[in-house]
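In the two assemblies presented below, chain A is common to both, partnered first by chain B and then by chain C.
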Partner chain A sequence: MNTVARDDYLERLIESWKKEISPARSIPYLDQLRANALGRVELLRLPTIRDEEWRFTDISSLRNTPFPRASAVASTDLDDQRVDAFLDETACKLVFIDGQYMPGLSNLATDDDSITVCSLSELTTGARAHIAEQYLGQLASFQENVFVALNTALMHEGVCIVVSADAAVKVPLHILYISSSKDVAAYPRCLLIAEMGARVTLVEEYVALHEGVSLTNAVMEVYVMDSASVNHVRVQHESQQAFHIANSFAQVAKAAHYDSLNLALGARISRFDERITLAGENAECEVDGLALIADRQLADTHTFIDHALPYGKSRQLHKCIVDGNAHGVFSGKIMVRPHAQLTDARQLNRSLLLSDKARMDTKPQLEIFADDVKCAHGATVGQLDKESLFYLQSRGLAEVAARNLLTYAFGGEIIDRVVVPSLKRRLEEYILARTRIG
Partner chain B sequence: MSAVLQNLVNQPYKHGFVTDIEADIAPKGLNEDIIRLISSKKSEPEWLLAFRLEAYRKWLDMAEPAWQNVKYPKINFQDISYYSAPKPKKKLASMDEVDPELLRTFEKLGVPMHERAALAGVAVDVIFDSVSVATTYKEKLAEVGIIFCSISEAVQKYPELIRQYLGTVVPPGDNYYAALNSAVFTDGSFCFIPKGVKCPMDLSTYFRINTEESGQFERTLIIAEEGASVSYLEGCTAPRFDTNQLHAAVVELVALDDADIKYSTVQNWYAGDENGIGGIYNFVTKRGLAKGRNSRISWTQVETGSAITWKYPSCILRGENSVGEFYSVAVTNHHQQADTGTKMIHIGPNTRSTIVSKGISAGQSNSSYRGLVRIAPTARNARNYSQCDSMLIGSHCGAHTFPYIQVQNESAQVEHEASTSRIGEDQLFYFAQRGIGAEEAVSMIINGFCKEVFQQLPLEFAVEATKLLSFKLEGSVG
Partner chain C sequence: MIDANSKTLLEVHDLHATVGGIEILKGVNLTVRTGEIHAIMGLNGSGKSTFSKVLAGHPSYEITRGTVLFDGQDISALAPEERAQAGVFLAFQYPVEIPGVANNQFLRLAYNTVQGKRGKEELDPLEFDDFVREKMKLLKMSPDFLDRSVNEGFSGGEKKRNEILQMALLEPRLALLDETDSGLDIDALRIVANGVNQLANKDNALILVTHYQRLLDYIVPDYVHVMEAGRIIRTSGKELAQELETHGYDWIHASDRVAGAQS
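And then the complex of A and B:
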């Protein structure tokens, strides 16, 4: 993204926000960060397909909608039951509607005092005061990324989760982002800090209650401290007309482990940028993804795994099932820095095209600057295996049933990696329904 | 890094010497007058001058590309002499008439022409600073109807063929350096294999850059008609100079129905010294059009020289059942940079392509594989298999892989895999306990790593390539 003359669209957005961006709050650091980000937005422009990182994902249609930020959420006719339909065994549920935090629907009461959950605006007092300064916005650099800059400029109701040292949180934390009305933009922000030796599972879920156009621009920052372990599941299930743009940053410290699983199911255009830095020796990450798209959907996943120190290990499996006129994009880069010796990195991207009009663009990349490493990547694009189809048919399955079964199995490999049983069940049912054609 | 291995790579360039032949050099700079001068010097027809001028005008409107993963100081295109020809001499009838100085140069390179020609039956069309001074075996080839000559000669003798095909695979405005080449190309090879003819011998050209500060702009055009087949070899070595020299060649291949073109390259131009001073900039556009049904285009390259290698020999697979192949070994040492790979554009149904790329980096060098596999909606049942492996020698070099895979057809099967490895102490230890020294062990491991590519080379090139690799990497493993 170059800095060029002002971008009309952004300029109009900024104008409309300037009125509502609240004046100085009580945290100077946060205000300063927001102001810097806003200043940066003014110098950037929306990416186009002429930008290498966006060459397969045309978001020019974003310009057609002004997307006012949701002001006070009108409809709170959502009751606990409706919300609970999305959630299951959670220690802690945080519900956002159109980017606004809903204390009434959330449940922060945990009997586990090892978790601290608060809104970003509460990061003012006592022991929490330093958190914002030390962590917020440190990973999510907005210098080159206009969407991170926009999110940073507008964050106010984000959530901050701190899991204290050596705590093992048994039940998952669940953040539910609900898009309740169309033509509205949400800018959710989340900061997760797993202190030394902590273990936690976080489910981040995006759902919609409408079928219209909306925009989500989310930013997530995850710090996995020494020997900690974070399991992060992300389910994007927005309306079929929605724009979903998300940036996720994780820093994995010494001997820590980060599991990330991303499911892209909804949205007209979705773009997920994930940047994981293995910033300590023996750090490990597992990065998995599944995009299941049809009709005119576009799902774009960009990952960047940065091996900065020795003995790191990364495993990545990304799958795409592309049907109808849909377009899948995957770009995964593995970087091994000069001193990251004995790195072990493996990446695999497998894509399944189910229709003649389906399209897949994939770009797995390796950048290696250390000699004593094991790095491999692979990518395949293809259709269902004819031999397998034949085998199933020879066992008495109708062709359609055989196809569905194989498609389901292809996606099932990723779903199997979801560690929350109820969520896994729900996803299995969903995938089964989606792959049931004919 | 063990000391033995350290010594292995840091061998000076073995082919560094300058042949003293008087050259006819055009003034430095590039403008329409220079292009007219080149065109008139070569007594070209009007349409070719128009082709050059059109390319030049396109070039003026283009920006120098910056997306590649290489770094170099900005090139001053006005500081290059665009034409240099050895002093015109009367046409040579036999090898005896070739300048003895030139023969001595080939002697030093270890490829005495007469010997090579006699032993291997290779016709060598010698390109020596842009002008063809000797062409052998032409009569023999002419018997079966094959035209093999310099492109300038072809322009005079077979203008209709040149006019029909020149710029059809790489159009003048294709990219910055192709446009520059189209405007100022001075010489190159032309090869035409008529219908049904299998070329009886491997064709070969030696490219050498000889005059200091003269960029070379070669243009090669190979056409294989229905059912024809040819194997073309291109090998390069160049004397050492401290000034960077630009080489922007264009190679176009056209294969009609059932035709088969195999294009092999061994490139060992001066790569600069161990501090990265000097060396050739090799910015080449190579592309083959598999136009007919069942046609086949195969690229094999062994890239060991040049300060910067930047080329993507490509195949446009338009004909039904056409086949594209790319086999590459790229070796970089010291401060060399290589950004190379291929493009396989599948347009016709049942097209198949194979990519095997081996990158070896040592010293402070960087090597990148950049490839594109595109399956168009029309390419039903297209198939691609790509494999790119990198080997890193030492901890100051880099290896990069940037494959682009674009599939727009559900019946296509595309596979890509890449891996990175190194020569481990344990491997060397294994060799040592079998009584094989480090130097030999390294050579064996490297040759094993590159085997799949070397197998594609014609025999005499395979021998040369194996030798080349061993002395390129002498001393860098550990």
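And then the complex of A and C:
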């Protein structure tokens, strides 16, 4: 990689960051990690469509947007009520505006002392310092991934959440990332650790208050310890002109369960890379996704489910509804390592094309190195079923109404899996409104 | 029932229809008056199911010749929903499963759409719930069916009951029942037939499309038509069904040959 010429886009970014990166911080581990990542950024380049993993997603237009990271805390007239509208029931609410943590809008007050929430910059002493060294950046490898490297080089306001052993957190935790103005880049970072036997639901949500171009480059690391259970709902609803690039990593230990549900609704170009490692026996994951895109949107989802040990189980259903000139991409790999005997893996990608110009590229992949496993995968790309349309029309529904109902139903299968009632209702209403237009 | 005061509801004249360029209907003539129950029988491939789909406006079929008058209006250019709103109803041989759409949501949407188009009162969810539960008793359906997705995981009999429930809600003037008896055990057949009989009245009409005579023991037709190769080749009273059951469809040709020799 040393032979790669420095990327002028990255060079400009680094130049503009130099002064805020260089001051020494009081956390040696974090400083070292960021310095290493920055060193790596200097050797990497932005991917192009000549890179296999990016062949359908052309992000060259990102070069025109060398946004500074928002440095000052954004002033905003956003009030509590408006923030509350995003989620009714929550144990703990963390609000970020343009990447900056907003203590005034957040609510950490929780009776539940089983949840510890702190900023990454607070991981300084005692047990907390140990958390940083043991977990932060361990899953999110930046060696070959320029976006993870960029995020790591810039992390400072990231959030760390630890749910203590055997705690069952009944109401969800909510992290709300708000993009308040155009021409701003945000680099959200989150570390979630569910200790042994803990149960927790996390909603990670990205919304915009503007219609302009902005950039989010997010990294999430999730540790699901032995017998723990994490339900992670991710809603990406950025501006229709935004770039949203996210890398999510989860490690699922023995007999633990990880539910991941990813909704891609906004952004001009969104790319979600998810890597889940079933790192203990009997580990399980359910990985669901829905991309609902129109106009000139592009939504790219890359997942990698790694069965490393025996008796693992994975279930994946990823759906795309593509209208207008939009372009959906799905690449899902399931890896079954030699030791992962008796793995049970199933993956399905179903896509619905609503217009002649809508496009879908799908690439489901299985790589199996164990000999006693049960694996299945498949992909379908189609239009609305003509017999179903006729059936609804024969009951008096106009063709448009029939199409909308079937489209809604197609997405509804994923929305039904959202476990937070207020979020589910909000998503149902959103999809109804979206399908009514189409 | 054949009634002297009835009026003509459906008038099909020399109907030709194709699917994918292949002609399936080759000159069907049929007149149905209010209050009447007609049975169209025939072997697989005779065109009887196609006929019901063409009447309901299935987009895969093209009418190439002839006319379909419903209540004096040519409906051949109308979209399926316009025919439904006008009062044509097709109970499907294979009702479509629609995962993700709750049955009650679908039924209310269909009901209110049709009511609205007919200038009648629409019902809110609570009112509709009472209304549909009452109608479900007619078909001995459990209220559980309201919360399930449309036809998803329904048994054959449950799907057919759900079809007749829709008929009960939409109150068509002409109901086409396409192989409604197929896949029904004898108890389900009785329940479905009983429901249909209660919905039949002097102002509407039924066309039963069926392969077997069995259904006609429970829903007694005024006329029985035999369809073959896209035409109605024989029309008679209800006794024709019994003869077909006893002798088979070949018997028509044998009797035609005898009739031909006699004339």
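Here is the rule we go by: the second predicted complex is superposed on the first by the 432 of 438 C-alpha atoms of A that agree within 3 Å, B and C clash if a C-alpha of one lies under 4 Å from a C-alpha of the other, contacts with A are read in each partner's own complex, and residues count from 1 in each chain.
Here is the rule we use: a contact is a pair of C-beta atoms (placed from the backbone, for glycine too) under 8 Å apart; a residue touches a chain by one contact, two chains touch by 3 or more.
Being a predicted model, the structure only gives us computed values, none of them experimental.
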When the two structures are laid over each other on chain A, do chain B and chain C clash or fit? fit
Who does A:N36 touch here: chain B (first), chain C (second), both, or neither? neither
One more residue to check, A:A398. First (chain B), second (chain C), both or neither? second
A:S351 contacts which: chain B (first), chain C (second), both, neither? first
Can A:N325 be said to touch chain B (first), chain C (second), both, or neither? neither
Chain A-centred angle between chain C and chain B, computed on Cα centres after superposition, in steps of 10 °: 70
According to the stated criteria, A:H377 is in contact with first (chain B), second (chain C), both, or neither; which is it? first
Counting only touches as set out at the top, which of chain B and chain C does A:F410 meet: first, second, both, neither? second
Chain touching more of chain A, residue-wise (chain B, chain C): B
Closest Cα approach between chain B and chain C after superposing, in Å? 12
Touching both chain C and chain B, counted on chain A across the two superposed complexes: none
Would you mind writing out the residues of chain A in touch with chain C in their complex? 385-388, 390-399, 401-402, 405-406, 408-413, 416
Tell me, which parts of chain A touch chain B in their complex? 52, 338-339, 341, 351, 353-383
Chain B residues within the chain A interface of the complex: 67, 375, 377, 390, 392-422, 424
Show which residues of chain C lie in contact with chain A when the two form their complex. 56-60, 79-81, 83-85, 89-90, 92, 95-96, 98-101, 106, 109-110, 113-114, 117, 149, 166, 170
